[in-house]
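I have a structure here, written as structure tokens, and I will follow up with some questions on it.
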Amino acid sequence: MINVGVLGATGAVGQRFVQLLANHPWFELTTLTASERSAGKPYGRVVNWRVDAPFPETVADRIVSPTTVEAVKDLDIVFSALPADIAKTLEMDIADAGVIVCSNASSHRMDPKVPLLIAEINPEHIGLIDLQHDSGRDGCIVTNPNCSTIMLTSSLAPLLPLGISGVTVATLQAISGAGFDGIPGMAIFDNVIPYIGSEEEKMESEPKKILGTFNGAEIEPASFPISASCNRVPVIDGHLMSIWIDADYGVAEAKNAFARWRPPFSGLPTQPEETLHIFEEPDRPQTRLDRNRGNGMTVSIGRIRDGIRYTAMGHNTIRGAAGSSVLNAELLKTKGYI
Amino acid sequence: MINVGVLGATGAVGQRFVQLLANHPWFELTTLTASERSAGKPYGRVVNWRVDAPFPETVADRIVSPTTVEAVKDLDIVFSALPADIAKTLEMDIADAGVIVCSNASSHRMDPKVPLLIAEINPEHIGLIDLQHDSGRDGCIVTNPNCSTIMLTSSLAPLLPLGISGVTVATLQAISGAGFDGIPGMAIFDNVIPYIGSEEEKMESEPKKILGTFNGAEIEPASFPISASCNRVPVIDGHLMSIWIDADYGVAEAKNAFARWRPPFSGLPTQPEETLHIFEEPDRPQTRLDRNRGNGMTVSIGRIRDGIRYTAMGHNTIRGAAGSSVLNAELLKTKGYI
Amino acid sequence: MINVGVLGATGAVGQRFVQLLANHPWFELTTLTASERSAGKPYGRVVNWRVDAPFPETVADRIVSPTTVEAVKDLDIVFSALPADIAKTLEMDIADAGVIVCSNASSHRMDPKVPLLIAEINPEHIGLIDLQHDSGRDGCIVTNPNCSTIMLTSSLAPLLPLGISGVTVATLQAISGAGFDGIPGMAIFDNVIPYIGSEEEKMESEPKKILGTFNGAEIEPASFPISASCNRVPVIDGHLMSIWIDADYGVAEAKNAFARWRPPFSGLPTQPEETLHIFEEPDRPQTRLDRNRGNGMTVSIGRIRDGIRYTAMGHNTIRGAAGSSVLNAELLKTKGYI
Amino acid sequence: MINVGVLGATGAVGQRFVQLLANHPWFELTTLTASERSAGKPYGRVVNWRVDAPFPETVADRIVSPTTVEAVKDLDIVFSALPADIAKTLEMDIADAGVIVCSNASSHRMDPKVPLLIAEINPEHIGLIDLQHDSGRDGCIVTNPNCSTIMLTSSLAPLLPLGISGVTVATLQAISGAGFDGIPGMAIFDNVIPYIGSEEEKMESEPKKILGTFNGAEIEPASFPISASCNRVPVIDGHLMSIWIDADYGVAEAKNAFARWRPPFSGLPTQPEETLHIFEEPDRPQTRLDRNRGNGMTVSIGRIRDGIRYTAMGHNTIRGAAGSSVLNAELLKTKGYI
């Protein structure tokens, strides 16, 4: 078994990591870190479990560690659910200490030597890890993209070979994206908030790196422009988006590309049967009905029509965060990095 | 006083008409029509009042009429909240009988001789009424656009002089737009439905007629293409939309155009102080906080930024339906048509 | 394998039956009935699947039968999700034809010879089936109680030996209790409706039969009065209730009774590990966080305090309907009735 | 005009005070206090206005004062929306300085010399002010009850002459009761929380003081016991409650008492036409439909039936907080205390 830990295990994304790792066939979840206040106490006592899946009793008595290099330096992998500001230097220190850091934080996503990885979309970017090793780092940092970016970029992959001249996207994002305490009930009930801090910037830059070409030395980013407008809507989980593609092919060709696309590998433990599910029904995907498809790991796509326009939707804290990060780690394992 | 009636007075839009007309300074609400089942009974007994404003007791004892030409032929104006299929011939018959029909139904919006009117945006289209008179009709039909169209088109007006090459719009629409019983709670709770029947078609055609040029004989429609993706979100009232404009000017020019735009007239009873309210705050307009601005008649605009992108929002059953129709009737009065 | 069918398989409770039976270890789901309109077509095509669990593909091609005696007379068991008015005579005819009818309908719950059964609470009432057989019926009808009744009555069972002089209960019930189309979104968003038709009457009578004594010939109902006030609240699934017990013992004794209570048997496939889960936390159970406990079959109880007062909560369409009915059938099997 | 101020003018209740006072016919709102951080800046710049009524522009440029005795000592009245811990000594100091403090804070509600006042229910308790004066205080403190207490107690007043032997109440309370940032969206969406800190204690003690007898020297509290279970439900505004009364009279008598009850005075500016509105409809009051009755100052009562049981509902931040406090001040004015 491979020993793994979760940095920031009591937060919204941290709890998802714990849920996904508690019974993982390859990974043994041995270490849970949290703030000083919680360190030294049993996880079951300090966590306010709010994932709508049963609490994994196997980790109830695990003593919480402080969030330090020392606490995790002997692990094979740590999954990071840390806030960006804390992640910044700590993740580098942990990677330098020889640990593989699979991070959901935004701090290192755009670092030239750090893979910004969606396992089924750009697995070849994993080669950037060698550059980290070459520069003297014993471990490495691998990041997954922003939650909305994952849905958007996964949906763009099948069209990429046909050509993409530009992307316009309006998002309808769930409140869980802001963390458990991120949005007051009074702020979002019966309301739409047409603004999510830094979200549009991420959606307009991250996909270009992910869909860029790795030549062995660096990533040549994709060149098409992306224009995003992000909205918060009153749903618990699931980010839905209306997407337009500037393209010189027709709907039939686009539909065909979606229908034929297959991920480059299959069978990893956290990988869903369908990376993309294509709906023919005129009114799908819908957030509540489809977010749990493939245990929350499938990105659902529908309403492909002239424009080229379509709708994409996925579970923001599973496919859009913890689940994608765990899948990245599984890919690293199959590629011999662990 | 001008005698007016409401066709279909017990439905969602019908109740809004009654609310807006019960204490109108110019119009005397004398006639309320509904289905055969309700006809002959006091309005206060048959209506299931669900507008979140107090029931106007002055109409409680008014006996409901059947929805027929006979019932309204002696009125000056009828406001129609009828379903499109019923409105189709009945509104023509009523207009032929000499009554001004201000209709919220979609049936006649695209008729070449029928004004599709947003009072402050294209008041000159009112001249189409003369063509109806010329063709032998004693009364006339005047329509207001689809709810989402009203918000979108009102927001386009200031930019029109600068040039619009294309419009892309994603909507986040309230459940009241489907009527009281239109959407089951189970269907929309904690959910987004990325489809609203016929809505995109309306949004892609109606604005071009409204922003078209009237040369005295017909409307030359605006030529830019519109691409709409419509989503239903779990809010009660208020349609918000993310809008992109293809344009060759910059944000500063666009902002300037919004800031300087003024409606061509002011002071009508149902007209708000501001037809458009321009927000500088980065996170406004918000649906719940801003939908009642100007008694629900103001269209709020914000987040104007490069792209050109912005957000528009308005109250769908007031500015987007009954309120705009009443304002149209007020304009007709000032123009001498009543 | 035991051949089973579902009557009314396309509705809200019918879909839950299908979900629970599609992969049942003892029961083979061979027959799905629906209205004439759907009969003759594949289930996967006529059902609008709205359970938030994946559609069981194994039944997708099953041809839907009409809801008749003929269609199900060769089955061992049918589960009925029919409306009460249709269930009334049809369930009797099917039972007369030799089939065991496990019904969620209210029609026969108070029939003197029909068990009103919560498997873990009053399994001995199953003996009423013999009276049905004695009266010449080849099959039998077994009913489960109203959804709110199940939560309330399950929570009363541990206290019954200590004595119950009276029960006062206020419910906060989910919208799924009214079926998929039962409550318009406009009616329940941001709202509480303090009325649910016939619900209070059921809650005030059914628990007395369930907690009554079966002497081999009839049920002597429990004698304490129940006073219920039922409210609909804007949550999807899960009925929560505030309960007061008139009693002459203290909180410590009541807590002790809850802590020690165990169901009279264990290990049935649909039975949860805990029939009752007792919370010590001051703010639990909560509807969204706890409704899926025990796959939706556990009734959660908390806030036991002087009064005697406490809070109970359970999943209304699983423990409160289809799940309890399937568990009843499992009990019948172990008792040799199948 | 009478000069008034608001302590804590930027919070949820503070904003309601500002809304109700900005155009008050008797009171001139001259002073707005907030934390040190906001002091010295214009109110319109520091307040994040979230009341769903238009921001009163007349106070936009008012410079915010620090929350000190010095800032308000020359006013006639201050309305306090302070947290209980800050209110404790500061309100006493302000009252000692000669100002009338109308407080929504809980700190002094149970002080023997402080009126706990619902203007139409126990106006004679105002006499306690004389005891404060006698003890050397130049001003005085007058409090209004907890929000849920106001609805409950107002509904009990008509029954008091018939006799009340006990009260059982389950509440369904809105999220605005916890302040703007009180409850995270993730915590309350699609959920019921069966616990509100200190709420049950307040509901079980405050009504007895309010309905007690003032003999000129002290309040003899009402003697009946109250048992409350408080639940938070996902609605924005409006507290609804299911109430049971232990009584030896019948429903007809109770209904009669409700129908005949009238407040002891009428015509104060903030007083609604109906202090209590009695519904005959079987499914009213409903939270969203009825909370704004009487500008949010009417308590709605319905479903009076055997038990004696009924439902009561009112707007928690208007009748349940700021509105009741302003009405108390108006009563003081008519009684010559200002």
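A, B, C and D label the chains in the order they appear, each numbered from 1.
Here is the rule we use: a residue touches a chain if its C-beta (ideal position, glycine included) is under 8 Å from a C-beta of that chain, and two chains touch if they have at least 3 such contacts.
Model, not experiment: these values are computed from the prediction.
Undergrad: Looking at C-D and B-C, which pair shares more C-beta contacts?
TA: Greater number of contacting C-beta pairs: C-D.
Undergrad: Specify the chain most distant from chain C by Cα centroid.
TA: In terms of C-alpha centroids, the chain at the greatest distance from chain C is B.
Undergrad: State, to the nearest whole Å, the distance from the C-alpha centre of chain A to the C-alpha centre of chain C.
TA: Computed from C-alpha means, the inter-chain centre distance equals 40 Å.
Undergrad: Taking the mean of the C-alpha atoms as each chain's centre, how many Å separate chain B from chain C?
TA: 47
Undergrad: Please report how many Å separate the Cα centroid of chain C from that of chain D, as a whole number.
TA: The answer is 42 Å.
Undergrad: Mark out which residues of chain A touch at least two other chains, giving numbers and ranges.
TA: 50, 189-190, 234, 236, 288-289
Undergrad: In the complex of these two chains, what residues of chain D are touching chain A?
TA: Contacts found on chain D: 12, 50, 175-176, 179-190, 234, 236.
Undergrad: Report the residues of chain D in contact with chain C in the complex, numbered from low to high.
TA: Within the complex, chain D contacts chain C at residues 168, 170, 172, 189-195, 227, 229, 231, 233-236, 238, 240, 242, 244, 282-289, 302-303, 307, 309, 311, 313.
Undergrad: Going by the contact rule at the top, pick out the chain A residues touching chain C in the complex.
TA: Checking each residue of chain A against chain C gives 50, 52-54, 189-190, 236, 288-289, 292-293.
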